[in-house]
Amino acid sequence: MTLEVLYFAWIRERIGLPRETVDTQAATVADLIAELSAREPRYAAAFSDPSAVRVAVDQTLSDIESPLEGAREVAFFPPMTGG
Amino acid sequence: MTLEVLYFAWIRERIGLPRETVDTQAATVADLIAELSAREPRYAAAFSDPSAVRVAVDQTLSDIESPLEGAREVAFFPPMTGG
Amino acid sequence: MTVRVQTAPFDAGAELTRFSAGAAAGGAGAVVSFTGIVRDLTPAPLLRLEIEHYPGMTERALGDIRDRACARWSLSGALIIHRHGTLMPQDPIMMVATAAPHRAAAFAAADFLMDYLKSRAPFWKKEVTATGTAWVSGKPEDEAALGRWD
Amino acid sequence: MTVRVQTAPFDAGAELTRFSAGAAAGGAGAVVSFTGIVRDLTPAPLLRLEIEHYPGMTERALGDIRDRACARWSLSGALIIHRHGTLMPQDPIMMVATAAPHRAAAFAAADFLMDYLKSRAPFWKKEVTATGTAWVSGKPEDEAALGRWD
């Protein structure tokens, strides 16, 4: 499966890029995080504190257990600070 | 004692004047209402439902038990509808 | 901390712009405004609304309401404008604006000002239609609402 | 029922004037507005605030927040404007406005919109000072605040 993976705010800065295309068999968000974290220290650093990471699957706020089947876009970001 | 007595809204309309000077020995607001109501039917009509009447003594919201000693201005009006 | 009682119409947007500029310069992070508008709810079309008030007591009551709000919350600013005289449907009747470092205080203070204005400021509204006039009744729940702030 | 996401500054007062005119024509008796303003609270003077957002999801989230408010209260109108990009101290960051027949609904809906905007709209703020930059932390109580509306 091919996913567009987006990063925002300090997660984007820590990983060093705003988006990338990822070819993966990850079944859930948790699987995808584990797979990315295993790649390089900068990914591991970005995902080191799961409580500080929020995720959207196809632009809908989701959580670490969310399945990725059929998904096209996954975004990782810190808690939102709008308003 | 000489009091300026003011009337507002439908109390003013029912009594037929906006203010008058009243010479009275009334000790409380209740005494003053009784004294005015005894004068003429239009006063009695204005004060017939005490729950519909609010009073201010010297421009401070008061109640029927409030003493009038030292007061200069008493106003009668229906519940306020500001805002 | 302005209180104005006037017959002239006012532009709530222009007032908000002026108020917010002062509040921002004073360190506010949050500005809340409320505007009350004349609605046409009478059985016959509303021709106009006439608002009577108690000169002297009005200014005193509004100043007292504003002081209570300022004592309760740390506000960067507070504004109350209330019209009296003859108003037309869709005219703004009154507005309040509050500014504070944080939004919870700005919201609470504006809500508080409105609760007090409704039943503690000496204004009375009369609706005039082609078929007659009627004084707007004070609602018991408006007076009861003040209990929220005890 | 307007939602705007923009880099350009906006004039909250001019927006309120336009919004209120439409609301009054639509029968509203109550208009509430909230404006959020950039504050200078950093240890070193704040040079600017940079707001990042998630294009696509932002519009979707704001539309969803507005729809929830409209489903919950009978509103004559609702407006959300949120800036992104570079903002200066004292700039308005965002505003919401709500219009309803009665004030309780207008107040509650504006408060609700703000609670949801704070932790459900994908914006992130970065403070830039002469001595460095720092991302503003989301507050756990902002996410917890949504529980008020369950």
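In this document, chain identifiers A, B, C and D correspond to the written order of the chains, with residue numbering beginning at 1 in each.
One rule holds for everything that comes next: contacts are C-beta pairs under 8 Å (C-beta built on N, C-alpha and C of every residue); 3 or more make two chains touch, one makes a residue touch a chain.
These numbers were taken from a predicted model, which means no experiment stands behind them.
A.B. asks: Distance between chain C and chain D based on Cα centroids, please, to the nearest Å.
C.D. replies: That pair's centroid distance is 23 Å.
A.B. asks: Chain B to chain D: how many Å between their CA centres?
C.D. replies: Roughly 48 Å, centre to centre.
A.B. asks: What whole-Å value do you get for the distance between chain A and chain D if each is reduced to the mean of its CA atoms?
C.D. replies: Each chain reduced to its C-alpha mean, chain A and chain D end up 26 Å apart.
A.B. asks: Listing for chain D: what residues touch at least two other chains?
C.D. replies: Residues 36, 103, 114 of chain D each touch two or more of the other chains.
A.B. asks: Could you tell me which residues belong to chain B and also touch two or more other chains?
C.D. replies: 83
A.B. asks: Quick one: do these chains touch in a line, a ring, a star, all-to-all (complete), or other?
C.D. replies: line
A.B. asks: Would you please name all pairs of chains that touch?
C.D. replies: Chain-chain contacts present: A-D, B-C, C-D.
A.B. asks: Mind pulling up the chain A residues that touch chain D in the complex?
C.D. replies: The contact residues of chain A facing chain D are 6, 8-10, 12, 56, 59-61, 75, 77-83.
A.B. asks: Give the list of chain D residues in touch with chain A in this complex.
C.D. replies: 36, 52, 54, 56-57, 60-61, 82, 93-94, 114, 117-126, 135-138, 142-143
A.B. asks: Which bits of chain D are touching chain C when the two form their complex?
C.D. replies: Residues of chain D touching chain C: 11-18, 20, 23-25, 27-40, 90, 92, 101, 103, 106-107, 110-111, 114.
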